[in-house]
Amino acid sequence: MPSQQAIYLVSAPDQPGLVARLAGFFYSAGLNIVDAGNHTDPLAEGGPRFFMRLVVDLGGLSAPPAVAALGGSATRSALEARFAELCESLSARSSVRYSDQIPRVAILVTRDPACLYDLVLRQRAGDLPCEIPLILSNHPTLEGVAKSFEIPFYCLPVTPDTKPAQEKQLLDLCARHHVDLVVLARYMQILSEDFLSAAPPVINIHHGFLPAFQGARPYHQAHARGVKLVGATAHYATRDLDQGPIIEQDVARVDHTMGPDEMARLGRDVERVVLSRAVQAHLERRVIIEGRRTVVL
Amino acid sequence: MPSQQAIYLVSAPDQPGLVARLAGFFYSAGLNIVDAGNHTDPLAEGGPRFFMRLVVDLGGLSAPPAVAALGGSATRSALEARFAELCESLSARSSVRYSDQIPRVAILVTRDPACLYDLVLRQRAGDLPCEIPLILSNHPTLEGVAKSFEIPFYCLPVTPDTKPAQEKQLLDLCARHHVDLVVLARYMQILSEDFLSAAPPVINIHHGFLPAFQGARPYHQAHARGVKLVGATAHYATRDLDQGPIIEQDVARVDHTMGPDEMARLGRDVERVVLSRAVQAHLERRVIIEGRRTVVL
Amino acid sequence: MPSQQAIYLVSAPDQPGLVARLAGFFYSAGLNIVDAGNHTDPLAEGGPRFFMRLVVDLGGLSAPPAVAALGGSATRSALEARFAELCESLSARSSVRYSDQIPRVAILVTRDPACLYDLVLRQRAGDLPCEIPLILSNHPTLEGVAKSFEIPFYCLPVTPDTKPAQEKQLLDLCARHHVDLVVLARYMQILSEDFLSAAPPVINIHHGFLPAFQGARPYHQAHARGVKLVGATAHYATRDLDQGPIIEQDVARVDHTMGPDEMARLGRDVERVVLSRAVQAHLERRVIIEGRRTVVL
Amino acid sequence: MPSQQAIYLVSAPDQPGLVARLAGFFYSAGLNIVDAGNHTDPLAEGGPRFFMRLVVDLGGLSAPPAVAALGGSATRSALEARFAELCESLSARSSVRYSDQIPRVAILVTRDPACLYDLVLRQRAGDLPCEIPLILSNHPTLEGVAKSFEIPFYCLPVTPDTKPAQEKQLLDLCARHHVDLVVLARYMQILSEDFLSAAPPVINIHHGFLPAFQGARPYHQAHARGVKLVGATAHYATRDLDQGPIIEQDVARVDHTMGPDEMARLGRDVERVVLSRAVQAHLERRVIIEGRRTVVL
């Protein structure tokens, strides 16, 4: 049986010896670092900032070196307590997740199945390390898709009047299913600030163009303007609509022979790939949010 | 000696028989169509609209069929007159240019040599069918580059006060050198409406992002926002700054390890390729402007 | 009710007046060309060759001009007979298909569901103009997927000994379901020359790299060689394995951090997109095979 | 004045504590790591292998911690000696280069100026951290280009008979100009094994396709086969022609409208970008060669 792993994400003001002290912490405890990546942003707000991701093999946790280093109690919580001390001395922020904690993802949809299929198929193929305990929607359209994958489906219609109550239901379902991440897979509703502040992290997919088109029917506007590219942006949802930290972006070429429908179809292809890549990066614990931007390690 | 060609661009309200009547016109005159492309936009403003590009071999212009079809005077102007009659009957707009009329391009620059080099090297390699009789600048920086290619260089510094006079000089130089196209290859000045209405067509290169960043130091803004793509758009310059019909766009991927300078460097790579592709499409007579968009045939 | 359309594909030795005569044929019959594209390949084997695709609105087929032009019998077969005469006079090869003839596609699979899902989802979304009357496999793995889309699934296991009999069954099933196109969506068997000569057109997807890797476990070979791109090629299957006319190709970037499994995963993403694009081009009647190459109009 | 940096490349059999011990070495000497990247390849020949790149600020080299750690002699050579001891204890291979050692690059060309211009312009723009002390060619064609950048140009024609002598001259010129890297920027000669074993590292650019075409006129072959992509590969030159470790690859789309000349033109665009990216990665000391592959950190 392969041993468990811990994945650490650390962010700290840049200072000498950060890699050595973080790596040395695990080395002196006899724990092997199986993957590591770091980056220093010299232009971060508030001064140069250091980011690091460490994947640590916990196989040695019950061996003598770890027991000695952790003061006789070689448990995850003892390790966490000691690592917290180190981080405090570095003014670092950190988080940790263990490989036996499989993230639980709620997918919110409306009518369009493309992103939903892409996410579920990648999860089933083993590419997205998560469970999908439920699919939520404001429309019944995609119930059959959920059923074909044997995933519980909840249809919660919404009107302006019922929105607060419906969002309360969404939150309750997420809580009851211990959801760690909410993915808006073409969920055609704007979530309230109240929802976002109470919910787990939320990843959204947003189509986009150069130049940008706001308001209704963006593909018709883009066609009228003759753009040569359609794009999509996956970002964390924040109260500033479509302004949250960007995780992933991509584009596809279009030309004058394509009407708005074909542009929308190509746009959907980009959307689902971009959304799946962003969800994968989040689930693999590669994303650190820093202010309005992300570092994807 | 290969015979000369005529390149026609036609735009007309869609109607039955357009391809047959346009192609038939040349066929009945014994002139061979060596290349043709057409497109119908069902969503054009004012109703479905037809666009066609025809490349016609003029080798048969002095042969009996052409002489007969054109009423005894098989000249370019006779051909133009007859074709104008056909276009009038179709409510079509059209233009024609001949392969022995080499377009003359003025390149406007400031300090950045990347786009200038790219354009001149492609022209020298035979990829851009044009002559470059002069390079214009508001700074002396690139005089050496112009000199190394033996292209006349005019430095016309500009201040807010001298702008009208300087633009007048630019127009005079373009007129004196019989310029057919002005290319803004990172010319860091906004051209006035007066200039644009008096000048030949003007192609500009504009960097761009998703989301878009206006104002100063866009690469610093893009870095602060954590975008994953940098892009560029080549468009005809119109009085609505950066809003003219788009000819070509492209992007390159960036990531969190790149500072604003590296993003700017990658952006420059995109800019020069996009600008050169747009200029090439224009010079090959592939671009029809229709309202705020282009059809690139 | 929108009227039916006929889609013509024509290939002929290049000669003056081809566009005019082909377009004129329909114009004089009062039939409107709603879309057309043509291309001349000056380097074709056997001399310059002309290719054209015409989409013709059949709405006028029962109107007086068509009746007159077709000699009193304005039927599809009368139109076909007259068009055949024209083609003969031009030494042209041609084919026609009508928009009310929905192509019927058999999908052959083994164990990998990615391409199968992509094809079926695009067909259900209306992007692939076809019916999918059956899915054929040499393994039972994907029966559930077929079932979730309510498509009949036939499992025909194969061994070297039973191969001729199994291929006979495949052909019988294709014939019984009136299949127009066979798509090998990661069908992990080599089809015999006998099968290919008796079957409808067959499109295959092949992964590929620069440099190319033959034999077993190509992703392991590609990893060992440190390639930076993985690719895929969709082509018509011919008796020269993987040497048939190419319809579509694409690549994705990989880097040294990816093991063979991740390269294979990214490769699968490329494969399914390339295969779907190729099938779509074929179904929209955009592909003309000319010797060892295709022209995609 | 910014302090100097040392860039280390390390490769070692994977073992616990590698990051900690390598980073700890510099930390304990009071030297700050300003950038670091590492990667473990679990599938390397000979067992899992660890790769790391460290950029170390040498500003602290004369401060007490370094003096103490290095035994009283805080010089580069003392640092090198101690680091060599560490590497020996880890069975690691390593190399170091200092930021005040500007690599010197010889560019070899024949007639095609595209790659040459791209390299020189990027070097002049500050994107390639190197000097270019000479350009070597077997043809006089590009002498004017070298002159316009004021770079010495040596024309050394070559025939089968004079090849050994000419290669000897090339080597002598490289030695006399203290060349660290040879770049074959479309140098249309095959270098002998003798040359390659005596020369500094050599980077070559190779065009390529899927499927691959060997022998003469590859673009004509690719056109005849109807490929949809043209590509290029930059690799270290080894005695197995075109089989050396790959540094960078990319492709561009082509279609049936392009003849061999246009495909070659697009191919040239890919070639120069791929070559420049590979040279940049080498000059920034990001490339570790490991057997037949590279790790680009």
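The first chain written gets the first letter, and so on, giving A, B, C and D; residue counts start at 1 in each chain.
In this text, a contact is a pair of C-beta atoms (placed from the backbone, for glycine too) under 8 Å apart; a residue touches a chain by one contact, two chains touch by 3 or more.
A quick note: this is a predicted structure, and the numbers were derived from the prediction, not measured.
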Far-end chain from chain A, centres as C-alpha averages: B
Chain A-chain C separation of Cα centroids, rounded to whole Å: 38
Centre to centre, by mean C-alpha position, how many angstrom separate chain B and chain C? 36
Between the Cα centroids of chain A and chain B the separation in whole angstrom comes to 43
Viewed as a graph of touching chains, is the assembly arranged as a line, ring, star, complete set, or other? complete
Under the definition above, what is the set of chain C residues touching chain D in their complex? 39, 41-43, 45, 208-212, 220, 223-229, 231, 233, 242-243, 245-246, 248-251, 255-257, 259-260, 292-296
Touch list for chain B against partner chain D, complex: 113-114, 117, 121, 125, 127, 148, 265, 269, 273
In the complex formed with chain B, which residues of chain C make contact? 16-21, 23-24, 26-28, 30, 32-38, 40
